[in-house]
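In the two complexes below, chain A is the common chain; its partner is chain B in one and chain C in the other.
Now for the complex of A and B:
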C-alpha cells in the first residue's frame, strides 16, 4: 500500500471521517450511476481534483493505472467474449466479441477505477491511525482499531523477519537461488520458522500491550487531537444524504442499467 | 513498596519451581539489581512483580506478592500497569505497532491512561530526552536500530511514571554509552521521584556501580541480598553461576598468588574499588 503523503495539504487538514465520507460517497456514486461517462465523471470531477488538492496526483494516477490495467484487460476480454449481443466486433473461431460486452466491460472497469481510486486516495491523504482514532471517537472498539492499524503495518515487519530467517537458513547452507524446484524446496524451511516466530511475537506483544494499559477500562485520550468543524459535520451529513439518494435512484430510476 | 512472602511459582508442565520460597521487601526509591544464572528465576520474578504471573502464565502460585499496594493476584495487569511498569529484553516485541512515530509510541501508554494531551506531551518528551531519543521523535519505531528500540521500550514505560519499574535485561542490545545512559536515568528516577527500580542484568560492572542493593537468585531461591560489593564479592566464590567482574577475578588471582591478603577485606568489583585495594 502507498505511503501517506506527509506534506500538509487542504485535503490532509480535513477530519479523517470527512475524507472517509468523501471517498465512500464516490464509491457509492460510481456503483449507482448508470453510464460510463457518468461513472468516469466521478473519477475526473471528484477524485482527480481531490488528489490535486492533496498534492498527490502523480502517485494517485500511477497506483490507479498499475492496479487497474490487469483488471481492465481481463474484464474487457471476458465481458466482450461472454456477453451476448447482436453487434459483433470480432470473430475468433467459435467466439464472438460483442460491442455490448465491450460496453459492460468498460462500465465495470470504470466502477472499479472509482472504487479503487477512492481507496487509494484515502490511503494517500489519511494516516490509518488518524482514521481509526476518528472512528474510535465515534464508538468503534479500540481493539478493532488496533487490529486494523497493525494489519496495515505488519507487512514490512513480516518482510524483515522473513529476510532475517532466509539469511539464517542461507548461512546454514540452504540453497535459495536457482530453478523453481530449488526455490520450492527452500520454501518450507522459511515458512515454518516465520509462522512460529510470528505466533510467539504475537503473544509477547499482547503482554507488552497490557504493560501499556491497553485494556484498562476508562477514558482514553489522544496525543494528536483531530480537528473537526461544524462545516465538515454538515458536509458529512450532505454526503450521506447524496449517497442514499443515489442508491434510491439506482433502485428506482436506473434499475435496468 | 514491594513485599513478597513465601513466593513459590511453578510453570504448568514443569517439574521444579521457578521461584522457590522467596521472602523479599523493597522500599520506595530503592534501586535493586537481580543477578543469577540463566534459569535462576530472574524473569519469573519480574513477571510476578508486574502481575503477568499469574494472569498470563499458567502455573501454580503460592505466597503473597504486594506491589505498590496491589495484591498482584487480584489486580488486572492493565490496572497494575499505571503503578508497576515492565520492560522486557526483546525491544521489538514491545513496539505497539499502533503508532507511526517514536513520540506517538511513547505516548501510547499515556493515551490509555487517559492523560491530558499537554501532560502527555510533556511526559513523553521528558522520557525521550532522558533516554537520548529526542532527535528520533519523528521516526518510525520500526526503522530504529536494536539499541534504539531498547531505549524506546524503556522510554515508553518510563513515560507512564510508574511507582515501581521492573526491567528484565533492558540493556542487552546497548553499547557501553547507551547502557550508562539507561543506568543513569534509572538512578535519577530512584533518587528524584522515589521510583522503586528492580533490574535484572548480566552486566555486573554496571550493577556494581549503580544499584543500591543486589539480590542473587539461584535455582529459584534468594541466596544473597545486600550491598553490591558484598554480594558480588561472595558470589565470585560461590557456584551460583553469577560470574565476577574483571576486577574481582584479578583480585582473586592476586590472592591465590599471594599478592593480596588471602582473607578479610571484600573483593573489589569496580575499578575504583580495585584501585583502592591496590593502595
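Now for the complex of A and C:
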C-alpha cells in the first residue's frame, strides 16, 4: 500500500475520483480497442506519462512486470499451441504452434497489461482513505468506507499474528513441513487460534463504536479534505463520454476483433 | 430492504473487516505451508453463515477489491462478483442450518465450489485469455490437449480445484462454529440454532 508523505506530485494532488476516472477509462480503452498496437498505445501514451507525472515510474513498471510475467508465459504457451490457424510456426509432437495463437496471446497480454497497470497505478498515486472519502461524498454509504479502511489497517496485524502463531506452534514441536498429510494436519492448530482470537475481539470493538455514535444518522465531518476543480469535473465527464464512445465503437465498428 | 437492514447491525459491520483480514491471513498461511488449496474465503463464508446473504456478498466483494488495491493479487477484482455469490450462498446455507452438521457443511462446500467454477470460467476465459498465471494453468493445458475449447478447459480446471477448496473451507467453518461460545453466536440471527 502506498503512503505518500512527501509533497504530493501533480497526479497525487488530483481529486481521487479524477484519478479513478482516468484509470477506468484506460481499462475500457484497453478492453475495447481491437489491435495490439492500439492497446499498447494506451499503456505507453496514457499510463506511462501519468506514472512519470506521479513520480512513480520505477515501482509502476516493476509491479507491472511482476504481475504480467506469469500471465504472459501461460498465454503465449496455451493460446499459441491450442488456437487453430493456417500459419504453423512450430511443430512439437502432435501440437502445432500457430501465428494466430501467438497474436491472440499477445492481444490478451496487452489488455491485461493495461487493466492491471491501471489498477497498480491507481493504488500508487491514491491514498485509500482519500478515494473512499471521494466516493462517500458521492453517496457511497459510510459503513462501506469504514469496512475498506479498517480492513486495510488490520490486515498487517493479522499477518503478523499468523506468523507468531506459526512460530509458537513450531516451537512446541508442530510439524509444518513434510508430506501433504502432515501439512494438512498442521493447519488446524494454526488457523484455529487465529480465527477464534480475532472473532472474540469483535464484541468489544462493536461496543466501542456504538459508544461513539457509529450508527447515528446524519451528516459527519471528515478528517480528509478533498480539493476539486471545475476543470477536473469537466475532465471526468469527457472521460466518461470517451469510454462510452469506445464501447459503442467496439460494438458497432470492431465487431470481429 | 428490510432483509438488508437486518443483516447489518454494528456487530456485523465490525466483523466484516476482521473476516476480510482472516481471508487474507489464512490464504497466505496456506501458501506459506504449501497446502494445495486457496482457503481464502473462510471469513467470507463465516460472515455469510452468521449474518446473512447480503453481508456475505459484501464481504466477498470487498475482500477481492482489497486484494487488488493493496497490490497482493491484482487480478482479484475481476472475480469480485464470484466472491460475492460465494458469500450470498453461505447466507442461504446458514439460514438452512447446514454448517451445523459436518456432512451438510461439506455438501454446501461442494455445491458452492461447482457454482464458483461455472461462473468464474467465463471470466477466466474472456478477461484473462483462459489462464491465471499459476500452477492451475497446467490443468487448463491438459484439458485443451484432449480437445476442449478455452471455456470448456476453464470449467474443467474450476471443477477440479474449486469444490475441493470450498469443501475444506466449509469444514473449517463447521469446526469454528463448534468452538465459538453460544453467547457470541446468539448475536447473529441468520444461522439456525444448533439442535
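Some observations on this one:
Everything that follows uses one rule, which is that the second predicted complex is superposed on the first by the 227 of 257 C-alpha atoms of A that agree within 3 Å, B and C clash if a C-alpha of one lies under 4 Å from a C-alpha of the other, contacts with A are read in each partner's own complex, and residues count from 1 in each chain.
Rule of thumb we're sticking to: a residue touches a chain if its C-beta (ideal position, glycine included) is under 8 Å from a C-beta of that chain, and two chains touch if they have at least 3 such contacts.
What you see is a predicted model, and the numbers here were worked out from it, not measured in a lab.
Superposition of the two structures on chain A shows chain C fitting alongside chain B with no clash. Of the two partner chains placed around the shared chain by superposition, neither chain B nor chain C is touched by A:99. Contacts of A:224 after superposition: chain B is touched, whereas chain C is not reached.
In the superposition on chain A, A:74 contacts chain C only, with no contact to chain B. Contact with both chain B and chain C is seen for A:215 once the two complexes are overlaid on the shared chain. When both complexes are overlaid on chain A, the residue A:154 reaches chain B and chain C alike. Judged by the number of chain A residues each one touches, C leads among chain B and chain C.
In the overlay built on the shared chain, the residue A:129 is in contact with chain B alone; chain C does not reach it. Between the Cα centres of chain B and chain C, as seen from that of chain A, there is an angle of 70°, stated in steps of 10. Of the two partner chains placed by superposition, only chain C is touched by A:180; chain B is not.
Residue contacts after overlaying the shared chain place A:146 against chain B and chain C alike. Closest contact between chain B and chain C, by C-alpha atoms in the overlaid model: 7 Å. On chain A, the surface touched by chain B in one complex and the surface touched by chain C in the other have residues 146, 150, 154, 157, 201, 205, 209-210, 214-215 in common.
The residues of chain A lying in touch with chain C in their complex are 1, 63, 67, 69-71, 73-75, 77-79, 81-82, 95, 104-105, 108-109, 112, 115-116, 119-120, 122-123, 128, 143-144, 146-148, 150-152, 154-155, 157-159, 161-162, 166, 176-177, 180, 183-184, 186-188, 190-192, 194-196, 198-203, 205-206, 209-210, 214-215. Chain contact summary for the complex, chain A toward chain B: residues 127, 129, 145-146, 149-150, 153-154, 156-157, 160, 201, 204-205, 207-225.
Against chain A, the residues of chain C that register as touching in their complex are 8, 10-11, 13-18, 20-22, 24-26, 28-30, 32-36, 42, 46, 58, 62-63, 65-66, 68-71, 74-75, 77, 127-134, 137, 140-141, 144-145, 150, 172, 175-176, 179-180, 184, 187.
Residue ranges on chain B touching chain A, taken from their complex, read 50, 52, 56, 76-79, 81-82, 85-86, 88, 90, 92-100, 103-104, 107-117, 120-121, 124, 142, 156-157, 160.
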